[in-house]
Amino acid sequence: MSRYYRLVVSCPDQVGIVARVANFIAQQGGSITEASQHSDLETGRFFMRYEILADSLAMGPDAFSEAFRPVADDFQMDWAVTDTGKLPKVVIMVSKESHCLVDLLYRWQGGELACDIVGVLSNHDDMRSLTEWYGIPYQHIPVNPDDKQPAFDAVEAQIEALQADCVILARYMQILPPALCQRLSGRVINIHHSFLPSFAGAKPYHQAYQRGVKLIGATCHYVTEELDAGPIIEQDIHRVTHCHTPKDLVRFGRDVEKSVLARGVRWHLEDRVIIHGNKTVVFN
Amino acid sequence: MSRYYRLVVSCPDQVGIVARVANFIAQQGGSITEASQHSDLETGRFFMRYEILADSLAMGPDAFSEAFRPVADDFQMDWAVTDTGKLPKVVIMVSKESHCLVDLLYRWQGGELACDIVGVLSNHDDMRSLTEWYGIPYQHIPVNPDDKQPAFDAVEAQIEALQADCVILARYMQILPPALCQRLSGRVINIHHSFLPSFAGAKPYHQAYQRGVKLIGATCHYVTEELDAGPIIEQDIHRVTHCHTPKDLVRFGRDVEKSVLARGVRWHLEDRVIIHGNKTVVFN
Amino acid sequence: MSRYYRLVVSCPDQVGIVARVANFIAQQGGSITEASQHSDLETGRFFMRYEILADSLAMGPDAFSEAFRPVADDFQMDWAVTDTGKLPKVVIMVSKESHCLVDLLYRWQGGELACDIVGVLSNHDDMRSLTEWYGIPYQHIPVNPDDKQPAFDAVEAQIEALQADCVILARYMQILPPALCQRLSGRVINIHHSFLPSFAGAKPYHQAYQRGVKLIGATCHYVTEELDAGPIIEQDIHRVTHCHTPKDLVRFGRDVEKSVLARGVRWHLEDRVIIHGNKTVVFN
Amino acid sequence: MSRYYRLVVSCPDQVGIVARVANFIAQQGGSITEASQHSDLETGRFFMRYEILADSLAMGPDAFSEAFRPVADDFQMDWAVTDTGKLPKVVIMVSKESHCLVDLLYRWQGGELACDIVGVLSNHDDMRSLTEWYGIPYQHIPVNPDDKQPAFDAVEAQIEALQADCVILARYMQILPPALCQRLSGRVINIHHSFLPSFAGAKPYHQAYQRGVKLIGATCHYVTEELDAGPIIEQDIHRVTHCHTPKDLVRFGRDVEKSVLARGVRWHLEDRVIIHGNKTVVFN
């Protein structure tokens, strides 16, 4: 497997950005294997993602970043250089539903998700044996319904201790406190089991059944302080009919949820997702 | 083209309904070419739709109905017998967007929609030449924004004069008054340009763009007094990305709207849709 | 979980079948919870599937069958009564690719597949620990490329010893000999990793890549003597672009394969699939 | 509507292409509004498409091309500059099926297809009134089944006389002679009513029905000498069941055909499609 550096940029749009960036990379001898750009005409913001073969460059990622800084400053860029040789650390949080966790672990083991899964946290102990079968540490952090803050403090401490770059709520079913959402902004990915903005909140499949919709869905999004209202990364749907009970909707939904979450997580881990206000640019 | 009678039934579920109905049809020598049934376990209601080859019966639709009445009474059925030899009368209402009207007229001319289109009503005069090219009468009924009731009275009078069995709001863009919705209950089909219940009301594609959804949709539903809240017949979606502007969403949406509306209308005209509370049973 | 009897019938179409069957069931007090029928106009054949609440009948499945026999004889029916209280026995065959096996076992454990998985057979030993984790016996039956018959004899002996009602080729990657296909006719389900009839045979994703198709697919079908040519139960597709390498196609394909196979297997196990020549009637 | 120049390039991949091209454009003050790139790892070929705001450049398209030539030569580019201010000329060819023609003309009138439709050619006279309603010249060129060459000579003469940049076979149903296919290579777009490579040749829906597939499809592709084997631009599918007759397949297929063709044609007209061997790169 080749190693790449990824340069991800967003900045105010103007003439000459691509020329300057591409020049810089060419001067270093960099071989661009994938390039994506987007100009948002409404906000006048420019986005780009370049994947560069590490072997084609004479310098390491830190030196590359240092050399790039003047370019970034000239264009007031929000930017980052990541190195596929250094895997991001991921914490997964679950409750009692296993389908998303099972799917993520299986894909991770098969090489579909380029990350280190450094821990699974749960308010229940049910998923311990499965998680440990994959050699991943499992933390049971019970949530006291009458006083949830101590549990969330423990969650936050664990996330810090594990140095997680990314937290995946794989059907965690607890609402994280606003302060924690803020501190982890842009790093927490949730799967909601409806086609947002329809059926935010609790029991979306039952809401969908009562409304009589003909399609159900799932939404992968970044967590923000406002429940189920963060930037959407990916969505998908499944067709239903009058024959299907809420139990059928839950069953179909499991398949949609896990594939939507897996796609969203993969794109995030590959630095393909850029948050832009309450929306996302996804270079997939 | 063969002629069929369609028997559509809903009633409280109990043992023996199918036997009794099927016996009755067999005794008349009726050849069933399509049969659909559904038991709703939540409400205990039973639904059925039988398509019977007219030539296989010794009697006409009225005599058939008369003979069936005792069966219907025994099971407290809501029921109807329709005759494909007698086309339902349809009125289409439009505003300035032509795509749904054009699509319906083209399908109707090609034999996809078994109905008589007895008139097109519009608050604008734009679609007159297109409509009249198909040989269909066009009525321009302007709506005064400060006093809409006279226009709606004229609309209602036209619907009655044309003896319409069904009214299709093919992007009419005006909200019918509640009293009219009630009087035409179960006979007015609307296309809403969002995946309901998301983005009810005005400018749904702009709402969808602002929310940053990754799928847009359209919903075909029966009109009730509450705006965009009636029983859903059909829905579908189209994938969008950060590249797409509101104008692109409108363009993609046109294709979704027209195909969703055409399917919903076809099923309604073929007596495949049964309203069940605020939901539908669709035997398609 | 309630218990049901399923009556599945195919016979030459004629007036009175439904009446006779429904009468028979009603006379036994049978409560029909799901009913499906189809008349094939091209071949004049009739198909039906009734699901009857076991508790509503005074007799067991054998007595029910015995009582039904005269009806079946009168209409020259191919027919069967199954009892959801008696789970069908299933053997899964795999090679080295795990995704379909993992998916089936997970769904089975979660109650989505109503069967007893009585064994997993493989030409490799790779899937042993996974299979045994689920408490299922694993048989490694190596295939000698120069003389495959002994392995297939062992496979057949195992299938008989395990009294398998159904064999699932979950990416087994070996072609069963014609005689075995014949003996197990209608009981062996395969997943082929292309949208048949495109790309039958070996390496379909590479064939698809070379042809430059914009959609790849998978096909679940019954195995017959002719390779990849048996009755199709289910198919689905995934969109691809010029960006995707054969490796990406394989990755997308895994998701399509496992969901298509799972649907096909579920429908087969629920007696929803009737073979009709080289086609299927699927009452899903 | 703003005016753009589109620069479309393919060449052997090497370090520095993007830098050189982007530099060139930046030096002219060019504002890039859309940029797409692709490196084909298998063949080592590089593809790019830039959309540049015409007003941001000091020169016209011819001077721009002249100035770009040295860059192109250095990298051995196949390249073109197009000007959205100069619409490509399109000829549509049809037989008796109207759905694709109707759909293309409607989209064209609504501004979805940026081209001049300079003529419709047909082996029948059926579509004359529809075509002329849109103000487009119609040529009836009958094909003698016993000697087709004179008709094809007349077709070719018309295409030349009309200076067509692009020919769309919107269900023309005649096979163009190989020599004509060669002369118009890369400029003739066909819609085939199957999911190629399945069911090439005649009566694909009947082939699909006989095979019992669960999905039917349509394929938009460039015409080459080998029937239905040219580079694929776009494909899509529609789900079918045992309930559907060949007539239903034809009906569903019409909707798939027209939307697949419309997408393919739009992308071609916007210079989003680059032929690469027998495949396509589509920057959509």
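In order of appearance the chains are A, B, C and D, and numbering begins at 1 in each one.
Please note the rule applied: a residue touches a chain if its C-beta (ideal position, glycine included) is under 8 Å from a C-beta of that chain, and two chains touch if they have at least 3 such contacts.
Quick caveat, the model's predicted, so the values are computed rather than measured.
> Once chain A is fitted to chain B on CA atoms, what angle does the rotation have, in steps of 5 degrees?
180
> Which chain has its C-alpha centroid farthest away from the centroid of chain A?
So the farthest one, by centre of C-alpha atoms, is B.
> I want to confirm something about chain C and chain D. Since they are copies of the same sequence, is their interface symmetric in residue numbering (over half shared, so same) or not (under half, so different)?
Since more than half of the residue numbers are used by both chains, the interface counts as same.
> For chain C and chain D, let me know how many angstrom lie between their CA-based centres, rounded off.
41
> Roughly how many whole angstrom separate the Cα centroids of chain B and chain C?
37
> Touching two or more other chains, which residues of chain D qualify?
Touching at least two other chains: 41.
> So in the complex, which bits of chain A are touching chain D?
15-16, 18-20, 22-23, 25-27, 29-37, 39, 41, 56
> Can you name the residues of chain B that touch chain A in the complex?
38, 40-42, 195-199, 211-215, 217, 231-237, 241-243, 245, 276, 278-282
> For chain A, which residues are in contact with chain C within the complex?
99, 102, 106, 110, 112, 133, 251, 255, 259
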